[in-house]
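Could you have a look at this structure, given as structure tokens, before my questions?
Labels run A, B, C, D, E and F following the written order; every chain starts at residue 1.
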Amino acid sequence: MKKWKKTLLLIAGALALGAGVYAEEVAPAVTAADAMFTANNIWMMISIFLVFIMHLGFATVETGLTRAKNTVNILFKNTAIVAIGLLTYALIGFNLMYPGDFSIAGIFGFGGFGIAAPEGAAGLIDYAGGAYSYWTDFLFQGMFAATAATIVSGAVAERIKLGSFLIFSTLYIALVYPFVGSWVWGGGWLAEMNFHAGSTLVHSVGGWAALAGILLLGPRLGKYVNGKAKAIMGHNMPLLTIGVFLLWLGWFGFNGGSVLSGDPGAVSYVLVTTCMAAAAGIIGSMITTWTVQKKPDLTMVLNGCLAGLVGITAGADVVTVGAAILIGFICGVVAVLSVLGFDKLKIDDPVGATTVHLVCGVLGTLFVGVFSPDFSFLTQLIGVLAYGAVCFPAAFLIFLALKKTIGIRVSEEEELKGLDIGEHGMEAYSGFQFFTNS
Amino acid sequence: MKLIIAYIQPEKLTAVKQALYGKEVFKMSVTNALGCGQQKGYHETYRGADVEVNLLKKVRLEIAVNVEFVDATVDAIISAARTGKIGDGKIFIQNLEECIRIRTGEKGAEAIG
Amino acid sequence: MKKWKKTLLLIAGALALGAGVYAEEVAPAVTAADAMFTANNIWMMISIFLVFIMHLGFATVETGLTRAKNTVNILFKNTAIVAIGLLTYALIGFNLMYPGDFSIAGIFGFGGFGIAAPEGAAGLIDYAGGAYSYWTDFLFQGMFAATAATIVSGAVAERIKLGSFLIFSTLYIALVYPFVGSWVWGGGWLAEMNFHAGSTLVHSVGGWAALAGILLLGPRLGKYVNGKAKAIMGHNMPLLTIGVFLLWLGWFGFNGGSVLSGDPGAVSYVLVTTCMAAAAGIIGSMITTWTVQKKPDLTMVLNGCLAGLVGITAGADVVTVGAAILIGFICGVVAVLSVLGFDKLKIDDPVGATTVHLVCGVLGTLFVGVFSPDFSFLTQLIGVLAYGAVCFPAAFLIFLALKKTIGIRVSEEEELKGLDIGEHGMEAYSGFQFFTNS
Amino acid sequence: MKKWKKTLLLIAGALALGAGVYAEEVAPAVTAADAMFTANNIWMMISIFLVFIMHLGFATVETGLTRAKNTVNILFKNTAIVAIGLLTYALIGFNLMYPGDFSIAGIFGFGGFGIAAPEGAAGLIDYAGGAYSYWTDFLFQGMFAATAATIVSGAVAERIKLGSFLIFSTLYIALVYPFVGSWVWGGGWLAEMNFHAGSTLVHSVGGWAALAGILLLGPRLGKYVNGKAKAIMGHNMPLLTIGVFLLWLGWFGFNGGSVLSGDPGAVSYVLVTTCMAAAAGIIGSMITTWTVQKKPDLTMVLNGCLAGLVGITAGADVVTVGAAILIGFICGVVAVLSVLGFDKLKIDDPVGATTVHLVCGVLGTLFVGVFSPDFSFLTQLIGVLAYGAVCFPAAFLIFLALKKTIGIRVSEEEELKGLDIGEHGMEAYSGFQFFTNS
Amino acid sequence: MKLIIAYIQPEKLTAVKQALYGKEVFKMSVTNALGCGQQKGYHETYRGADVEVNLLKKVRLEIAVNVEFVDATVDAIISAARTGKIGDGKIFIQNLEECIRIRTGEKGAEAIG
Amino acid sequence: MKLIIAYIQPEKLTAVKQALYGKEVFKMSVTNALGCGQQKGYHETYRGADVEVNLLKKVRLEIAVNVEFVDATVDAIISAARTGKIGDGKIFIQNLEECIRIRTGEKGAEAIG
């Protein structure tokens, strides 16, 4: 921030595009390509910020939909996951997801530990065709990495041991997510088949693990009594709402950044389809909950909004605006029915993560094959099945190994008292009075 | 001395307080409570699961008075809290053996008011 | 996100500017105009995000200033409004507000249902002189649309029937807002008179409807007892504060985006006047509340901040920094006095929406005629009156029709128990203990 | 927003770059330098927004870590500080920090009251070498100004008189902060020594004042009983977490904006080191709190995250990714130990501001001399000491003068009842029941 | 008439309510309370400072019954609330002199149920 | 057996608890309450409207003791809670007919402590 040097540094900086050596006498003229590179990179950095703030969105959604006595635990998990995600992605994930060359054709490759930018100014410009810098690329992808584990966090909330969850997350983010990610984003076999899933991949990878976790943990105490689902109410609707709005905001970067450049037409089109699907998801779930439950349930409508967003993620760039509205609407309707359905099956998911991310993620990916002429339904189906076939067993095995060794579920007594006291020895809302009857 | 416990509808608290002041009963203690009575509860739903709420919000008054104030107190409460609808509440009267003002150590009838 | 295709796609994408056909062999050189187009469009997309997040700001402000028992209802309304706003704007609003040609000269025109971008790359660049894409334009305007109804939401909170409110909002956003909006933004008769209101238009359109709603609904139970205003305290000051900061943040896009390009000098100047007015609004209201009420009231100061922001919205680009400070300060002072004044008149506005959006919106619009030599006070006054003359009766009639048919006010019993139980059958803060004595 | 004029205005606007006179017939061609100027300026405006939202982050962190009864007071202070910071910076601060010429060589200079942009289009482009506009520069710096006082706010919370705090803040922000700031950012003596502190400067300036305030105020009632530190629990962990995530988000602009251009390589590299340090801070503090306190304390981990962010702020652009991780990790560990240490010394800092901003700010500044070959440890040490030598006594004297005159501490009775009732006559959470036993 | 006050573990409330319904005791009032008993507390820490929590969360029931219902009520509470672990709770019985239904003004045995 | 109900200032709870422990009274139940007594309330304002707060925050203790402990308990409470200022609080003593430990079914004097 040394303003006295600014003029010099900035002319140089802007032109030299990050190269180490600054010409102080003759500044080379700015080219249009430089300016475009800068603009594109700014767009991608904005997308980083937007995807980053989704982590806060997830944290508040999950907190809002669970009980006050487990709040510290949920916030803790979501904070730790971001750190674990970024660090393991730097160490392993980035080079596992984008191996460059595959060792096992189209299936597995690893580019080595750590991250390092290509050298010199030329390297910068050459990287990704001048669309953004190496570091931007890494950080954008790194912000996605933690998301998969965050999705699990909500589904297994209020009963999972903190330590086991952190170990699971580390393994799943560091190894499974980038491994299967490389099939599409790293240019593996699914990419070669012209499978088009975009970022829904993250949702299904997270969703399958959520399902595995729920099945191995079992429902929360008191959730199913005499075969009937009982309500275990979330404790903070404003937090939930804040979270959903932040997630919607983040989705602008999640989908818009996935265009991988600031291309005005392409990006803004994606923003429009994204918003239309979210809006239609709200309307779809609102009509459904009002009809089915007599009175409109806020949590269902907010789930419906997220369902619309997940549903459009695969096809945001390739379907029409009308199709986007239809996709959002269907996902909104499905969201409500799916939450009710999972409860019928006694699959206890406190925040509806499996509904939103797995069910609507799969639906959205299939819809690409329905609503876009450029993609085949069959390929989309193969892709969906392939992810399920690897992610679900992988997550199941990790959870099972933890269950057999250190255990994955807290004691009944701790579950009753709350994980905040049990795992952290503290409370989230000191001084507030609660009526705790469960 | 008597200890009067009254359960009333929360929205009647201000009116009851005014009525008690009118009868020169200025001291009381209030807590909030949940009550199960003749008034039937209501149903909430949350994410499709039904919740029967049969513990309804009530306010609990605890008023220690000298014997000669009992009737006035009870009347005041009834006059202000009655709407004629189920859920209006109930009054309980118990014997109170002793009352001590912490500040001064005064006891009995002197201490109560 | 198929990285293996990235280099190719991106060079092509960046250059082809969203055109369907990508040249794979010879990429045409990037021009400075392309880069400028991309940069401008990025700015406008950022403005979209900022205006979007204002909806969360409104939701939290309104929630914070009302009682806990009506929280779910307020959050629900604010979520539904965003969806209704975006969808009706796509269906009708955009083409009613920007009809292209007017059927009734300068007063009414309609460009047809739905939205569709001009075709081909040329269409993209030609649209709005290459400043931003069609889709960016639509979404930026669409984000504004819902705002008018959101302003009403706070004013009528804690007593309006959910269904009636949603019907009102749909009609008002879909028809009234774009209709009167076309007079200025669509190039109608007020634009021809050189009326300069910028986005305060939104505030006054919302403000008049809020006033109509309040008058037809009447005050909340227990607000005016024996002719004296009683305090009905808002239940969550942190939520309120979060909301005001988010609104201030959003205002960077609300005012900055209204420049309609990323022009460095013009946009950054608008940001400075906006911030100065907000800051002066805080100081003005702080001095006033401290003097009048003896102790400084946080809710008044936060209202004062919003008042300063609304006040500067009309003139942000045309008044001096000094004038911006003065405008903000005056609006801050007026905000406090106006809240007290409305209470004297027994007009019960739980969040001060009429004060902030109507009173300060009108003031700010008039101030343009005072502080800028380029605009006439008379024209500004005519504009203000014109909006009042159409919006207030329109809103009044819609609300009246609803009152006479399905009713607009919840039952006394529901109002006492809270709209969360009454309209939604759920609670916002399950487990927390409340002392409910009103 | 007059769309009918758009095409014309925008072509003109984009090209004329804010100049007053628009050529309507022949629009001069856009140059690459114009586009780059626009892109860079957009980046800096984004940084403004990010730094702005840090104020909300501070407000919520401080609120979350203190008791419910002092919530209104904390929110009030943080709102007022932003206004005071921006207005005094416009009046005095900007020209004290960037005096142009120094009256006392390298130590003191003042460029005159008020702010005024260089005239004409040329002035715009020439300013800062075409990297951003005058107004962007002012607002970016102005957003930093209030931060120093905000840091103090948390440390002295729950016992300081509102009026005294506001007077202190005004003096400290208007005079002390820009005065010492000019030594580095204004091109003063420390800049000439090649001292490299970047924005940690803000943290240490705030941190020293926090320490002075704490020492003069003494601990909160009941904090140290019989020589042992008692827990006074913060009342709202979700608010705290929201705050820390918002601060991390803001840090993207705090550090990324300090590059002073949108240079893709340089900015994105800073974002990566910033994130890595934050993540490592989380892990470092998590390990430490889990070991030392048996169960992992959420507040410690969130402090650790901030500690990592403060720690990397000085060296974000000059250390390697590996060093960034190390710096973050060390600061995370130190954060936990420092909080415990301050408690041993009976220095009562409810939010850990001295730990995060002072201790880790100093550490981070020194680390530049350790991890970057381009900077000398000795110079870094001299810089750190120089700031301490001026800021601590200056803050101490202002606080002392206030203590001797109007007093700085609220009465014991008010402290027990809470400052919300005492200073503002209102409550933050009306209707909620508290168990107040302290 | 007697006034029965019972402190139980919060998680037992639903079971106790069911047991009371089984004995045709439908009316009661509930508040939450903190209790100090044989059950020892637990330790929290907050930012390194130790917090001994020895006031544990309990639920307080207040049930007014006619004399002939006392045993049934006590039995119902015990049967549903007992786990055999420390902290199960306690029941207190006091004399109740009068009971008045606010809605109707009925008194005594009629009013109680 | 007696049931002692005491209303004290919230900030005195810890001191009172210590004093009771000193007299070997280890069991008690605590709720928070709002009280109207001689202590006058205070005024809040909210958006210009005046709010008179005359229900002040208090802590309510309920302690069941054997007769021989009554004096010690009352003394302990008074010694720790008294500041001499209005608002210090009040102690009420009632007769307690029965006390039952849920865990064991013990009754009377054995059950109380």
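Throughout what follows, contacts are C-beta pairs under 8 Å (C-beta built on N, C-alpha and C of every residue); 3 or more make two chains touch, one makes a residue touch a chain.
Everything numeric here is computed off the predicted structure, so don't read it as measured data.
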> What shortest step count links subunit A and subunit F in the network of chain contacts?
Replying inline: 2
> Chains in contact with subunit B and with subunit D: which ones?
Replying inline: A, C, E, F
> subunit F and subunit B are one sequence twice: same or different residues at the contact, by the over-half rule?
Replying inline: different
>> Just the number, please: Cα centre separation of subunit B and subunit C in whole Å.
In response: 47
> Between subunit C and subunit F, what's the gap in Å when you average each chain's C-alpha atoms?
Replying inline: 52
>> What's the distance between the Cα centroids of subunit A and subunit D, rounded to whole Å?
In response: 30
> Between subunit B and subunit E, what is the separation of their C-alpha centroids in Å?
Replying inline: 18
>> Residues touching two or more other chains, restricted to subunit C: which are they?
In response: 32, 35-36, 39, 42, 46, 233-234, 236, 242, 293-295, 297, 299, 425-427, 429-430, 432-436
> At which residue positions does subunit F touch at least two other chains?
Replying inline: 31-32, 34, 44-46, 94-95
> Can you name every pair of chains that touch?
Replying inline: A-B, A-C, A-D, A-E, B-C, B-E, B-F, C-D, C-F, D-E, D-F, E-F
> For the complex, which residues does subunit D have touching subunit C?
Replying inline: 1-11, 13-14, 16-19, 29-32, 34-39, 41-42, 45-46, 48-49, 52-53, 55-56, 59-60, 63, 71-72, 75-76, 78-80, 82-84, 86-87, 90, 115, 117, 121, 124, 132-136, 138-139, 142, 162, 236, 239, 242, 423-433
> Can you name the residues of subunit D that touch subunit E in the complex?
Replying inline: 229-234, 292-295, 297, 299-300, 336, 339-340, 343, 352, 435
>> If we count contacts the way the header does, which residues on subunit E are in touch with subunit F in the complex?
In response: 2, 5-8, 31-38, 55, 58, 60, 74, 77-78, 81-86, 88-95
> Contact residues on subunit F for subunit D in the complex?
Replying inline: 10-11, 13-14, 32, 42-46, 57, 59
>> Looking at the complex, which residues from subunit E come into contact with subunit B?
In response: 3, 17, 26-31, 62, 64, 94-103, 105, 111
